[in-house]
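Order of writing sets the chain letters: A, B, C and D. Residues in each chain are counted from 1.
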Amino acid sequence: MSTAACFAGVLGGVSLSGAAAVAAVPTRVSAAASGLATAAVGVTGLVGGALAVAGDLRPAWVGWLVPLSGASFAADATSGLFLLVIGAVSVVAGLYTVGYAAHGHLGRAPLAVLPVFAGAMLVVPLAAAVTTLLLFWEIMALTSLLLVLAEWRREQVRAAALSYAAMTQLGFVAILLGLVVFAAAAPGHAETFPALRDAAVHLGPGPRAAVFLLTLAGFGSKAGLVPLHVWLPKAHPEAPGPVSALMSAAMVNLGIYGIVRVDFVLLGPGPRWWGLVLLAVGALTAVYSVLQAAVATDLKRLLAYSTSENMGLICVALGTAAVLAAAGRPAVAAVATTAALVHLVGHAAFKTLGFLAAGGVAAVTGQRDLDALGGLARPMPVTTVAFGIAALGAAGLPLGCGFVGEWLLVQALTHAVAAGGTLLALVVPLAVGVVALTTGLGVAAMVKAFGVGFLARPRSEGAQRAGEVPATMIAAMALGAISCGVLAVAPAVLVPVLSRVLPELPTGTAHGPGPALGTLVRLPGVGGSVSPALLAVAVGAGVLLALAAARWGSRRRPAARTAALWTCGGGGLTSRMEYTATSFADPLRRVFDAVLRPDVEHVVIAYAQSPYLLEKVSYRSWVHDTVEVVLYRPVLRAVAAAARGARRAHTGSIHAYLAYGAAGLLVALVVVL
Amino acid sequence: MSSHTYTSLLYLASGVLLLSAVGIVWGRPLRVAVRLLAAQGAALAAIPVLGGAYRHDWYLLGVGLAVCVLRAAVLPGLLARLVPPPVGLTDPREQTGAGERHETGPLLGTSASLMVTAGAVVLAYAVGQPLVALDPSPSTRAAPVALAVVLMGVLLLVTRRRAVSQIVAFLTLDNGIAAVAFLLTSGVPLVVELGASLDLLLFVLVTQVLTARMRVKFGGTDLGELQELHE
Amino acid sequence: MLSVSGVAGMVTQVVGVAAGAPLLVGWMRQVRARLEGRAGPGPAQPWRDLRKQLHKQNITPDGTTVVFAAAPVVLAGTSLVIAAIVPGVTTGSPLDRVGDLFAVVGVLLLGTVALALAGLDTGTAFGGMGASRVVTIAALVEPTILVAGVALSVPAHSSNLGRIVATTAADPGLVASPAAALAFAALAVVVVAETGRLPVDNPATHLELTMVHEAMILEYTGPRLALIEWAAAMRLTVLLTLLVNLFVPWGVAGAGAGPAGLLVGLGAVAFKVAALGTALAAAEVFLAKLRLFRVPELLAGSFLLGLLAATTSYFLTGPAG
Amino acid sequence: MGLFSLIRRVGRVAEPAPPHPAASAGPAALRGSLQLRHVDAGSCNGCEIEIGGCFSPVYDAERYGTRLVASPRHADGLLVTGVVTRNMERALRDTVAATPEPRVVIAVGDCARNQGEFAGGYGVVGAVGDVVDVDAEVAGCPPTPTEIIAVLRQVTGR
């Protein structure tokens, strides 16, 4: 039996020595050193996660680490689940970095920071006091900011990093304020989590609501919940491949962790409106983000919006669980909680794989724009298959690893209709509609990403020159693909972990059995079952049957041949005639015109002789992030105007500054008197 | 009639009431709207007829039959005469303004009005719950559905431009009100109901005459254009 | 769980759908032909077409990948799986517990996605256009299906299709409930949209620019084309079966029915599906294809109906359920 | 229900089928089912109108198992009309190459058979038979639907 502090120390040691090693070794092997160090950190995280789930990590207090308060660490099964997920992502991303960085895509500084980032993420779920949590939260934010800035020479990267820095610090302030209000209610202003848990009872409804809303905003911004998501689709795509994977598959989970830890475990169970708020925010996030993903043309931006979408779905599940728990239906609440956790794990798996494949494509072709990709299936078969598996998961279709989570969510919602009175009966069908629309649009987005990006024929030089990625990257993607496959057909592998996590949560299974995730996924108390494994077998059998049917008459069939594409007799097709990502998404863009509000520039230049003879037709369209345009631009403009006003006061004259000081002193005196 | 059968038939009638109202919001062809209105009238009449048959109340049964004749046959029949038959089935020379067959350019698009309808129904259900709680019986339980039909009638009245659509909207609204009355009180005094229906008949007749005049005079019945006349 | 009756029923369903689907399509074309004053080729014509296609040459267009070759097989395979799950002849299919309503919808979508990817894989403008349209429609149909599914699952306390059908069969009052009427209307629109019938898509069109389903399969020949057409017919049959049995479940064999019960079930479902197909074909005579950008209005309406079904069922049955 | 009564009033429009064809011309695989792609290689549109007539309710060629399709990949037979012009020569060859075996090429009308009226024109490459192999021919300028259908029925055998 070891202590959580010990384990955090090991994590810190591995990460820092990894960073030091990267700094020390020759440039040639620095990539390998960084990747292996990150993978080692990940393995440590996996070990720690297993120990935490088994309940083998004792809480501990380290006085010297943080001045005044000291640092406190503890690990329960909930921490363990997050350690396992983040550790697994780090292992895969670390392995991937070896090949990725060897191509010269990463400098030495980012390579050195990478293991530290992974380490910081792994310590966050271990923190058991406000100061400790905030300290490692900030280390995680800063290291990830440095990693986003890896390609700082590009203008977009700097803009994305600025936006990320601003949002992450605002989020930090929100969390800080929320936790300070929370801790103030604790006896003797103790700030450890057990003390906070006791203090939650004494918190009045007003401060309690304030703590909930502040922490939801702070953690929600990390998870990319609308309207605090604006940094995510900018920063995640601009980061290098493995960093995108770490941020999008691991770091966002910590936002969810924060909500679960603070708002559910420490502060909760809350009143019904908390659940409704979570449900509303989650639903808004899911639909808005998936809509943006469906019309996005940048491969990595699409994946980033999909991250936001899935966090929204997890939030819907958590909200449903909270509402049902408040309505006194623990069995169905447990189904919803399970849905959230299963989907979280599934999302981590497919999003890692997706970003690794997309990173490989971006590295090899130099293109992230789907309108310039295409035809990658032949030069990059492994990457294509990997992205296909990830896209199947992200689409939430059967045989993909996102299916079970979404299925559980829909089931929980179905049985919530009759569970909680008028309000639920009106809200839940709408929520089902939202989840369904999200799934449908997610399918559209993923068909676009895979079909336009990888199939058909190349649309640019870069895509034409593509070749397969190096072996270590393939190995990493294979690991990711295997975990996707296992989660897709055998969600039972999660049972040992979930069976320990669920009793710890107020919306979990303290009052009865949770859903059975065996070969047959069954729900307690309510009918409904599905078996991903047997369904996969059935589809396989169906496919074999169809193949056999197609062999009927094959002996009398003329020999098969290849032929040029049918071009309606018009001669050869060029890649300019293909459907692009923009044209693919055009029907959806038009249907949701009111929400997306695209800018369209349509120029028709006719010859002077006749308006019917056209010299040139050009069409461009941009889809901006509507939330950013509507909500952020006015605020930013106001801030900029205030700054301009303040600048006028800065005359540069020393006398003026002295006069300001004197005036300030006078005002202070007058106020005090 | 057993209580179970009565309940399910009553609910079916209110379901048809709602379905036909949704159909009127959904579709643009005026002929379809008029036919749906007839179905709606039949469903409305079914409520007192069922109540009468269940409670052996001959008076209610009579009211129901009267409502049926008026709402399912006479009023839609009059309205149908305002809408020209589809193209191709009649002599083209007899055709008047082509725009009269469809609701053109409603003030709110179809998808948007459907979404607003969804909100209205949810609102009606939420608002109707306290009413149901007063006296939970099969017929009061169905009252929120009728309330939803009232709101949809108002929505139609606000957003439609054609005179015929306006009449359809008004009749939908009135059907909803009558349904609420039947469901909540289990039968309105015949005089009140007949009086209301006669008002309606009068309204339809007047509008029919007016529409015919307007068509002769202005070639169309777009209310927006009438606004310009006023100015 | 694995009963002889259930397995026999499932096999009957799969064989029935596989053999009967082209006949249903042929029957619907025949009905349409008669209404148009034509003599029509007879209901067996799709089978003649399929047999002929299977004896024709397989052409693989240049530049296509394995996706193009695999899509027809996946489409047909998923259709067969759904035929095995959906309670057509019996409610006791052993696969009933393996996939519920939501899983069936997912498997259906899997087939759609496979074909859309094949359309994109060819790299032609029409292939991409068809894929884009079919995926858009599928995305917008999804909310209706799930909300209507929830409305149907609530009275049965289960989303497994066999259970829903068995519950409705046991309580005929559910058939006449307003929730059922609204959900039926919603799902009917969905079935029309998913199977590419009028007014969403015109299965008989030759104009590429108006195509949805056909545009994706313009490059397919011989056996692969046969598989796609067979699968499309099976999807139509299965969806009509589902629609008719969810709302009019009479005649469906129970979980432990003997051979006679299965035969009655087969006869009943064949009759009901043929009747619904006749009604659908007759209705199509009256319809023109909608503009693509008016289709969302249709689907928004069906979503509203589904939503009303879900909420109305709750308010009318009372909070007890 | 205006349309229904119209349908009832009109009844069956299709004329009774002529007697069964004696011999059959096409490959055995195409028995009973023939999907056609129409190629206009340079026609005056007279033959097009007659082909359109074949599929009208009066002649109803569909009852013999024939059907017009949108892509040569789906087709078993090509109905080629008109004399082959320079601009359509490659398109015609491409269309034949795009059609899977076994297939039939049917030259419809005198222009397609022997250049007819347009023989020796400056834009003319030749008759259909000069460019691709022709399996069956329909004579006439333009041929009547009955004549076209007679040839189609020889292929389908129905």
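Methods note: contacts are C-beta pairs under 8 Å (C-beta built on N, C-alpha and C of every residue); 3 or more make two chains touch, one makes a residue touch a chain.
The shown structure was predicted, so the numbers you read here are calculated from the model rather than taken from an experiment.
Comparing chain C-alpha centroids with the centroid of the full set of protein C-alpha atoms picks out C as the closest. Comparing the chain pairs A-D and A-B, the larger number of C-beta pairs in contact belongs to A-D. Between chain A and chain D, the centres computed from C-alpha atoms are 58 Å apart.
Chain centres here are Cα means. That of chain A falls 50 Å from that of chain B. Centroid to centroid, with C-alpha atoms defining each point, chain A and chain C lie 35 Å apart.
Centre to centre, using the average C-alpha position, chain B and chain D are separated by 54 Å. Among the residues of chain D, those in touch with two or more other chains are 3, 29, 71, 73, 98, 100-102. Within chain A, the positions touching two or more other chains are listed as 422, 425-426, 430, 556, 558, 563-564, 566-567.
Residue positions of chain C touching 2 or more other chains, listed in rising order: 51, 55-59, 208, 218-219, 222, 296, 303, 307, 311, 315. The residues of chain D lying in touch with chain A in their complex are 29, 39, 71-73, 88, 90-92, 94-95, 97-98, 100-102. For chain C in complex with chain D, the residues that touch the partner chain are 33-42, 45, 48-49, 51-52, 55-59, 205-208, 211, 214, 218-222, 225, 285-286. On chain A, the positions that touch chain D within their shared complex are 556, 558, 563-564, 566-567, 569-571.
Those residues of chain A that touch chain C in the complex are listed here as 294, 374-375, 377-378, 395-399, 403, 407, 410-411, 413-415, 417-418, 421-422, 425-426, 428-430, 432-437, 439-441, 443-444, 447-448, 450-452, 455-457, 520, 526-531, 534-535, 538-547, 549-550, 552-554, 556-568, 573, 575, 577-579, 583-588, 590-591.
On the side of chain A, the complex with chain B involves touching residues 422-423, 425-426, 430.
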